[in-house]
Amino acid sequence: MTARIGVVTFPGSLDDRDALRAVRLAGAEPVALWHREKDLQQVDGVVLPGGFSYGDYLRCGAISRFSPIMEMIIEGAKEGLPVLGICNGFQILCESHLLPGALTRNDHLHFICRDQKLRVENNSTAWTSSYEKGQEITVPLKNGEGGYIADERTLDMLEAEGRVVARYLELNPNGSRRDIAGVSNAAGNVVGLMPHPEHAVEPLTGPTTEGLGFFTSILKQLVNV
Amino acid sequence: MARVVVDVMLKPEILDPQGQAVSRALVRLGFDGISDVRQGKRFELEVEGPVDDDALGRIHKIAESFLANTVIEDFTVRVENGDAS
Amino acid sequence: MARVVVDVMLKPEILDPQGQAVSRALVRLGFDGISDVRQGKRFELEVEGPVDDDALGRIHKIAESFLANTVIEDFTVRVENGDAS
Amino acid sequence: MILDTTEHAAKTPDTPLPWAELGLKPDEYERVVEILGRRPTGAELAMYSVMWSEHCSYKSSKVHLRQFGEKAPASDTMLVGIGENAGVVDVGQGYAVTFKIESHNHPSYIEPYQGAATGVGGIVRDILAMGARPVAVMDPLRFGAADHPDTRRVLPGVVAGIGGYGNCLGLPNIGGEVVFDPCYQGNPLVNALCVGVMRHEDIHLAKASGTGNKVILYGARTGGDGIGGVSVLASETFDSTGPAKRPAVQVGDPFQEKLLIECTLEVFAEKLVVGIQDLGGAGLSCATSELASAGSGGMRVELDTVPLRDSSLSPEEILMSESQERMCAIVEPGHVDRFMEICEKWDVIATVIGEVTDGERLEIYWHGEQIVDVPPRTVAHEGPVYQRPYARPDWQDALQADDPSKLARPAGGDELRAAVLALVSSPNQASKAWITGQYDRYVLGNTVLAQPEDSGMIRIDEETNLGVAVATDGNGRFAKLDPYTGAQLALAEAFRNVAATGARPLAVSDCLNFGSPEDPAVMWQFAEATRGLADGCLALGTPVTGGNVSLYNQTGDTAIHPTPVVAVLGVIDDVTRRTPIAFAEQGQLVYLLGETRDEFGGSAWAQVAHDHLGGLPPAVDLEREKLLAEILISGSRDGMIDAAHDLSDGGLVQALAESCLRGGNGARIVVPDGVDAFTLLFSESAGRAVVAVPRSEELRFTDMCGARGLPATRIGVVDGDALDVQGEFTLPLTELLAAHEATLPAIIA
């Protein structure tokens, strides 16, 4: 029995099929979840994929956060359910207050799509254990509102508790505070990440395959449990 | 230093996808009694010197040529007198 | 039918790249005398029924929990009385 | 105001109608009266006037477009040809691919963001309406002079609009073009292409058949968007008359369109629709009349059931509204409930607005009263056809006589070096990364190649690695010098670009952007270009499957350069064998394929160095193009080449610079004996490509070229970190990169 990883489709989700593919390539069983259902189908972990849920209208993630499935995910996350929010998923996690801070308009005001170098700062979360601490990886990044902000106290706390999961290297693509590309909750089961590891899982279609580690990490963790 | 506010809203006949999305979400969230929502932009301009007719005239021009896209948007200019709830 | 306006602005301590871009552009375009610009959102809500304290209370809640992200934004709620320049 | 019913119209023959204001010519109006046997109602007039506009009826272009059918090469891959929303091509393994290119030029000048955004939205719905899942978009663009202040308004808006819409839909942008020329100053060209994939059995057509079947309108509510926009915006000469007279523009809602796509695909999957049509130009007028015209019976529509955004709209306005993100489906009564359920699942509003009748008329009712009663074919398919007069312009000879041979050419290494830097940093040849970096090229996870590669390539089957490649090209400067040859050069270039990536070219779509058809000189350009394209497609064996014509692209009396933009679609059996442009490995041998002649008419060099346009464009040899394509495809399939880049604007040196920069490797180039370095580097002779060959494959590769008679010249080796033309100059990649990348950000920011 391998792990079952759910990927939620909200209206306007775009990278849901890519996330399902990444789960499959990592060797786990992908399970499609629908935003209106209050049923997590006994998955062992959940990915909130990228996209423009509800058109990113109002604020990115602000409307999705109130969907029926998010009630279940918020509840589950508090009890340790592993949750990875990628890009729009990260925004939803912040709007849900499962992660601190917020994501704002890129400082240069443009959508940006590029191959982004990152450093994995924390390899003890549910989603990063396949990486070495400090490992440098390159995965696609694409967002219009990816600037991570939080007040100084929160940022200091995140640093002190090792909750900065990944940091931008070479170029900060969106004005994120302290080059933060991803953060986790205190327990480490909930991770939000602005770049897109699910687009770096095949040599043919991605710049590298270095994104696969996020998906193998969760599998490893679940199988070891 | 005075503050002048420029409100920019889509013209009534123009589709407002954002307002509609908010409107629909309110219904889903169980907030009744709001029949329509429109979403626009609010600019707060800090003006140096007196906000006389001349200054307002210039701001009007800024709004018209730059802050609003008058092909699809209307705007209003007003001096803020500090009341807010 | 009454209109209630909710203005949402980034908190003063939060960087506002859009406002800054406007600010810089104004200088480039030769509009002087504007020392700072901040850009936010304006929501116009059409309210069915009377806009009493109860209704305003509910709108306050909508603004707080939904229209604004209070981690980074402040908001104000006011009833519009139809004045515009 | 009393309702102008058909009954009322019959009784009041003398009521004056604003047919002239709506763009109908006197004889056209007469014909409407003749068809109906009475004066039209206001609603009927609205329908005829939009549907008979240039944009919808192709009245000036039709007689020329016929050649695409008449001269179509025999092709066993074409499943659906010209006449439907988009053509469909068989790519094997049971898959079919549909693609089409369309213009949204005039709206994008007025409101760049929304104009471009709704251009993307419109073409995506065309592809969806064929039954396909849209899988990629491309955006060939033309702007005015790079340093003109208005370009700063138009370009960022257009780019943000294309990105804003396409990114939000989740469609990777895999290519396009960005060209600057003063001729597009008041008339930018915003063309958009979409590719879609389906199984053969999923092909859908726009026709209403089956008496009693329901007509369902679904998607966005109908508002006052772009009313009359189709005739006013796209068919009359556009001169900017200030804000007051600007017509309403449409605002797009890509989120709504994303829901529409998913909802429609689910409806297709359950086989719930008999016929389907997107709503684009001319809105409901177009959709109802086209569906009814192509179908078997008639149609009856209750117009007052249409969900409105603005309750004050009149029936005429509802019929003309161009509100975006709407579709119209014909559904058997037994499937209506399920159809509605799926729409509800996706939060899409759906309404039964009518049904297919056993009559022959399109009848439209407003609160029970008949306001339209017309034979649908006369609206949709039997509009006016014009034989517009055309004549070779009197300035054409002088233009062609103004030969570039008199232009001063760089002499010596230093001057050549400076000319290379000027070329690679000129707006048309500079890196477009500032623009393409705003487009998502990764979404859907099947992008094998995207800009700046020669063509975009999409994997369509994860198991078998079947894929398709698409390239779009057009060169208005060449077409201005000679529209016949210019159109063929555009075709040849797109064909070559597809082959360069290893894909086999199969089919063509085109967007013909021209000035006013009422100008005989423009009409001549149009006639020549379509003739050139049709002849070219026949020679290359790639049928035209569909396209779009955009006329009246001019400011005052000045037309844009004739700009046929050609898209070629190819298939590749194994996408892992694709050939990128990058020189990825040092030591590989650089070969130039094809022949270089002294051809500088319309060249990038002539433009950059001398701001010159004159002479003749490069000669076209389509047999040579076919041979080159075969070599490139075989080379890719059999692993003989690791990189290939087609030669076009800027010639060899531009291609070398791009391949070096893409791979992060330099190249040492040796100018063969007896060859003039300048001509070798800058000429724009067609039918050429540069390839990188692994040393172990050299013999096999040159044998193949030799056996098939394609000239292949070894010109150097991938080496070092500079573009080094031996004996002439050395350009470190860092310097080349800086020159190439700095231009666009500096122009726009």
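A few points about this structure:
In order of appearance the chains are A, B, C and D, and numbering begins at 1 in each one.
We adopt the following convention: contacts are C-beta pairs under 8 Å (C-beta built on N, C-alpha and C of every residue); 3 or more make two chains touch, one makes a residue touch a chain.
Keep in mind the model is a prediction, meaning the values are calculated, not measured.
For the pair chain C and chain D, the distance between mean C-alpha positions equals 41 Å.
Separating the centre of chain B from that of chain D, both taken as means of CA atoms, is a distance of 37 Å. Mean C-alpha positions place chain B and chain C at a centre distance of 8 Å.
Contact of a single residue of chain D with at least two other chains is seen at positions 253, 255-256, 347.
Among the residues of chain B, those in touch with two or more other chains are 17, 21-22, 25, 29, 39. For chain A, residues that reach two or more other chains under the stated contact definition are 54-55, 57-58, 66. The touch graph of the protein chains shown belongs to none of the named shapes. Shown are all chain pairs that touch, namely A-B, A-C, A-D, B-C, B-D. Residues 10, 13-17, 20-21, 24, 69-72 of chain B are the ones touching chain D in the complex. By the touch rule above, chain D contacts chain B in their complex via residues 110-111, 114, 220, 223-225, 243, 246, 248-253, 255-256, 309-310, 323-324, 347. Across the complex, chain A meets chain C through its residues 58-59, 62, 66, 94-95, 100-102, 104-109, 147, 149-151, 175. Interface residues of chain C facing chain B in the complex, by the touch rule stated above, are 1, 7-9, 19, 22, 25-26, 29, 31, 33-49, 55, 58-59, 62, 66-67, 76-78, 83-85. Here chain D touches chain A in the complex through residues 160, 163-164, 167-170, 253-256, 258-259, 345-347, 437-448, 459, 462, 575-576, going by the rule given at the top.
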